[in-house]
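As written, the chains take the letters A, B, C, D and E, and residue 1 is the first residue of each chain.
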Amino acid sequence: MDVLVTQVFNGLSGGSILLLAALGLALTFGQMGVINMAHGEFIMAGAYTAYVMQNVLGAAGLSLLVSLPIAFAVGGVLGVVLEATLLRRMYHRPLDTLLVTWGVSLVLQQLARDVFGTAGVDVPAPAWLSGPVEVLGFSFPRTRLFILLLAVAAFLALAAALRYTALGRRIRATVQNRPLAETSGISTRATDRLTFFIGSGLAGVAGVALTLMGSISPNLGTSYIVDAFLVVVVGGIGQIRGAVIAAFLLGVAQSWIEYSTTASIAKVLVFALIVAFLQVRPQGIFTVRTRSLA
Amino acid sequence: MQQDYLEISGLTVSFDGFVAVDGVNLSVLPGDLRFLIGPNGAGKTTLIDAVSGLVPATGSVRYGGHELTGRKVHRIARLGVGRTFQTATVFEELTVLQNLDIAAGHRRGPLTLVRRRKGIPEEVERALETVGLAELVDAPAGVLAHGQKQWLEIGMLLVQDARLLMLDEPVAGMSAEEKDETGRLLQRIGADRTVVVVEHDMDFMRSFANSVTVLHAGKVLAEGSVREVQADPRVQEVYLGPGHHSQAEVETVLGEV
Amino acid sequence: MNRRWVLPAAFAVAAVLLFVVAPLALSPFRLDQLGRYLCFAIVAVGIGLAWGRGGMLTLGQGVFFGMGAYLMAMHLKLADAGPGGTPDFMALISSDGVPWWWEPFRSEIVTLLAILLLPAAVAAVLGLATFRRKVRGAYFAILSQALAAAFAILLVGNPTGTGGSTGLSGFRGFFGFALSDPANRLVLFCTAAGVLLLMLALVRQLMVSRYGELLVACRDAEERVRFLGYDPANVKTVAFVVAAFMAGIAGALFVPIVGIVSPNDVGIVPSIGMLIGVAIGGRSTLFGPALGAIAVAWAGSALSEQFPSGWTYVQGLLFMLVIAFLPGGLASLAWRRVRPTAPAPSAQPVPAPSGGS
Amino acid sequence: ACGARVDAAGAGAPAAAPSCVDTSGNEIKVGFLNSRSGTMAISEKTVYDSLSLAAEQINAAGGVLGKQLEIVAEDGASEPTIFAEKAQKLIRSDCVAAVFGGWTSSSRKAMLPVFESNNSLLFYPVQYEGLESSKNIFYTGATTNQQIIPALDYLKEQGVTSLFLVGSDYVFPQTANKIIKAYGAANGIEIKGEEYAPLGHTDFATIVSKVRDAGAGAVFNTLNGDSNVAFFKEYRNLGLTPATMPVISVSIAEEEVGGIGVDNIVGQPVAWNYYQTIDSPTNKQFVDAFKAEYGANRVTSDPMEAAYTSLFLWKGMVEKAGSFDVAAVQAAAGGVSYDAPEGTVTVNGENHHIAKTALIGKIGADGLIHTEWTSGQPIEPDPYLKTYPWASGLAS
Amino acid sequence: MLTMTDVEVGYGRTSVIHGVTIEVPADGVVAVMGHNGAGKTTLLRAAVGLLPTRSGRITLDGEDVTGTQPHQRVRRGLAYVPQGQQSFGQLTTLENLQVVADTKPRGTGLIDEALDLFPALKDLLGRRAGLLSGGQRQQLAIARALITQPRMLILDEPTEGIQPSVVAEIEQAILGLTRRGGLSVLLVEQHVGFALDAANHYYVLASGRVTAEGRGGTDSVTDVRSAMAI
């Protein structure tokens, strides 16, 4: 029972971290089809934003909250720059974006090394987030609860925006058929940029959250990028809700397997499960059928 | 040869509860140029999809002594079933010649496959002449205009040597002369094959159909000669709405009788 | 020049450069270095087929490369240990002796066969499983990347069997010949060069064959191919298997030339690294991937000798600029020179009405 | 044209090509081989810095045998393959007299055959898993009996009777844990659990939950790199402290403390052979010189000190031999000692490791490490643990 | 309303349209005819801005729009129904209409009007457009264009794939709109009878050049047929 509660919580918590890292990708990859390997470095930029804010503001409690919107903007601006300079000309060859953004990721990592130094830095958690909360004899780290809430909130906001707003429709329409969107009166360039801003901004937010969990170093992004993509793939491309289910499933699977084996075996087994899963549902949890032969 | 006919019985296709093809029975014999008409959304394309294996269906589709339902797309194709698409789909980066050569080739063994093509195979040569793309033989298919792609698709069917051909709106977007040419071509190749053509163009149908099946809301509404079908009040109702319709009205929509 | 002679001439020039000029002009150290580049070039030739022609962006070539390399390394360790002996690293960290799955590789024949067949067989199973289920495009790319990650984790986590993160190193002999003897190293280099030329010839034949056209058709409109009676899964699997086969052989040659294989050579990063040369050289050309791989590996060594952190920037910029602005790779520049009247590639392909419209 | 067969050339050690080291001029070349790009640059850059400092000091003091050191620096790029290749280059193309560098065991293992087949010298400055000794390598970091075993002795003295082992999934932690288990079995310390995380693993919720639930007396931590940060943050978030369950670490040095966050790790013990806070004139001089060169905010750490020391040890060997010749240096090495910042160290001529004093320190609120316990005198290196009866079953 | 003067358009290095000049007067209906591959679609794509012109000028309402983006032209009152039954496949039918109506102040009213014209779409509002039949999608495409209340409507074979009765309705609707005034139409249509019936003026295109032109009306059918027969 103890183990059950702890491991389910750990799994959900791990899932919420994956979800935060993957949510922006669900937009830029799932919706726009850009395989942005630099997404991890946008996360890193968010984390360093928190570090800089910490140094500027001092007070840990305040700076964490202030960092969230600022990191969103930082990630977003990085994304827009990437979109406007390179990706703009590549929407018709999505696989190539993977390699271009891999290059961007190399450069950003090295840049971070040259600017912030190769050693990791620390952003202390504010007092109201340190230590565990005791509920019914179980202790849950406050930081993990905070990330769980943040992830769920970010998901709800994004899903609602896409589903119910004109902006959401515009984003989806542009992604579907660029020339048609353009001739329907939508500025596809502005829309692409905005979409990329939001998706990359979410990476920035994820970065701030991750400062509560682990190290802030130039290779921060590399630890999350593959898992984040797997979340989107398992969820089903173009499906934000799929990403949520996938993130929590992977989180729980990882923590359960890890509990009875080791973290390494858990990772390998989770990969194997994903391959097996794609045999059953090659298009992910949620599939969008179309009649085209594309 | 005697077995080379298409026999569909009780064919049903449904998507999440929506029944697009609803218990269709249909047989088409070789030499018969069968037109399949019906309002938009009647289920014509879905019917072809089901026969060619693109969508799962229940019921039975038999062709040449084989049951087709449940088979994979490429297995059905190997049984001599070919089709075109409502929006022409060709290999954009390959040349016209390469498109045709590939269509001709599923029977080739591995050894032929790993060898280089020498010259233009005879059947490809013939198809090029027939569909009038001889001059564009080395052009990438991606640069062809809409109509030219449709011709190329027909050419691919020819070299594929399909015995059952299903064409989804093959003359959409063609000029009158081009339609006539296509029609004559269909008659020629239909002489010893089983051909099903989906069309909205009533003039075209009238000129070239041997027999007509009208589909409505997934069901067969009427079947017979062009004249019989045009005169069928149920067909008129489906196309024109309920009530009696003047001869002139019927003619504008269903063509001169 | 008559076009018929271009290709044989290119092969002849390559042969002279590799078999005559390089051994005479380069110091043994540089020759070893070039030998390593040639291994990457062999991998690149296969990637050119699978990715350039077949559209399969395989981010997991490190797995097949690693299989070939580890198979070879296991054999060399066992051979060094002598009949019935236990390789040095194993004796140090475990007292269990040689694991059962190492035993077959005491045999030279078994090892060679395994190098030729095992990566290809694994690729065949993986390829059929994924392509049959229509896993493709970005899905395939990311899946293959996850595979590379999992493979590296497995290697690291199993030190008694694989040497863990340290990998396998310290080989003395190669099928009985001392690896430290310069004459043997020259033979090794020539073997790599010969294999490269052979692989180029093989891929060249596949590219110009009907199979090559079919592969491009599957890349561009996989579903359409089915209606012509082909199973695209088989078509794609063949290219994937050929690429894996080449990667495996390259890995096997890499081990005696470089003297070590470790998880660092097989994970996500090296797997992507294997693509960069292909992209830069020109993914859908014959010589482009091989030349690109050699050039990139050379630039890596040369630049990092001068500016260690600079190489990371250069590598990143190469990826960004070449792929964004020169998708055909450097070969497309050369091609323009050679054939100014070449048919224009449709620069702006008709915007595919995606998403089922 | 086939070259020598393995057997024809003796036991796999065919005669090396003659050395090309040029000793005729006023300068002598030495190679520094560290990762200055890639993931290991974080650590190895610091080693490179202290090597450079040592070279500068040696040159300022008149060089080695009257010759100025000319440094040829190469980047190992965090890849063992590159290390092997660059080592080859340094030896054969640049003709250096000795090479200093390497960090990960994989980089060392990759270079080892290169140095052996060329009969050249490598000075390796990092603590490692032991079970190795090559006549072409000098190991100036600790082997297990100079770090792991003293740490266990310390824990035993503190009354710890049970341990939980947490490490990264690779050879150093795995070997270290084998030794710890054998020690535990012989000394009545119960091992309550053993967990490995892949390198770069960042979610320690499950592992830390297991650690908490196991209720051991202490945790023995062989995690490497970034994983430490995630581990200690999680540890503290679950309310665990040095008082409830201390975590002794063997891979966390001064530079890492900042990244983990002092708050998260303050009061936790670590085991090394050197800390910046060592109070001795030699160390003060080293630290001051280092800060003067690289900035007051930089810290010094064990591997940096071991690298710095290695250059002086080589100088000592060369001067004792009166020659740069490898065979002469090898012959002269035994007994060479140096008054290093960590204290006096002496080269063991048998196994080419050095005798070092073990120090257990605690992380202070200032982010530095303060000595708590010492082995009192230098411990003779014993890479194969031959002098420890309980370890006899470890390596056959 | 719309003029294209001496425009040259192409793909890659090849030109497809060579110096074509056409004019669509305010409230006028102009038909463009020609064989497959004549360049009709290419011409229209240049008119809406999907393809850049290599030379020549395009004006809309007297203003030069040659270098502008399609959406900017749409904001100036242009609407385009491309060839090939295009839609936003993953959006529902309703969302396909909304996404255009979003740009308009009283969008929902416009959607209702469009649905009255194509009642068949009413039952399909919740279905993804990618799942519709070809004809249903084409109706949706025309509805989408009309929702923007264009002053200049560009139609590329609008009745292709649509059932005959609906074709008749579409023809009536287009004629009705133009006769009501305030709408100019540039129409590519294989259905020569309808095209000339609707048009005030026609152009025949062959190999990227205008080879014949003249006044609309059913009288011209034979002229056009013979011009196209060449």
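One rule holds for everything that comes next: a contact is a pair of C-beta atoms (placed from the backbone, for glycine too) under 8 Å apart; a residue touches a chain by one contact, two chains touch by 3 or more.
Not measured: the values here are computed from a predicted model.
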Any chains in contact with both subunit A and subunit D? C
Starting at subunit B, fewest touch steps before arriving at subunit E: 1
Chain at maximum distance from subunit C, centres defined as averaged CA atoms: E
Greatest Cα-centroid separation from subunit A: which chain? B
Find the geometric centre of each of subunit A and subunit E from their Cα atoms only, then give the gap between the two centres in Å, rounded to an integer. 42
What whole-number Å value describes the gap between the mean CA coordinates of subunit C and subunit E? 51
Separation of mean Cα positions, subunit B and subunit A [Å, integer]: 47
Out of subunit A, which residues touch more than one other chain, so two or more? 110, 113, 176-177, 179-180, 262, 264, 267, 290-293
What are the residue numbers in subunit D that touch two or more other chains? 37, 41, 169, 196, 198
What are the residues of subunit C that contact at least two other chains? 153, 156-157, 221, 223-224, 309, 312, 346, 349, 351, 353-357
Subunit A-facing residues of subunit E, complex: 48-50, 69-72, 74-75, 79-80, 82, 86-91, 95-96, 98-100, 102-103, 128, 130-131, 144, 148
Complex contact set, residues of subunit B against subunit C: 52, 72-74, 77-78, 82-83, 87, 89-94, 98-99, 101-103, 105-108, 112-117, 138-140, 142-143, 156, 160
Of subunit A, residues touching subunit D in the complex: 2-3, 6-7, 10, 13-14, 17, 110, 113, 118-125, 130-132, 139, 141-144, 212-217, 219-220, 222-224, 254-255, 258-259, 262-264, 267
Show me the residue ranges of subunit B that touch subunit E in the complex, using the header's touch definition. 15, 18, 38-42, 44-46, 86-87, 143-148, 151, 169, 172-178, 200, 202, 239-241, 252-255
Per the touch rule above, subunit A residues touching subunit E in the complex are 166, 169-170, 172-173, 176-177, 179-189, 238, 288-292
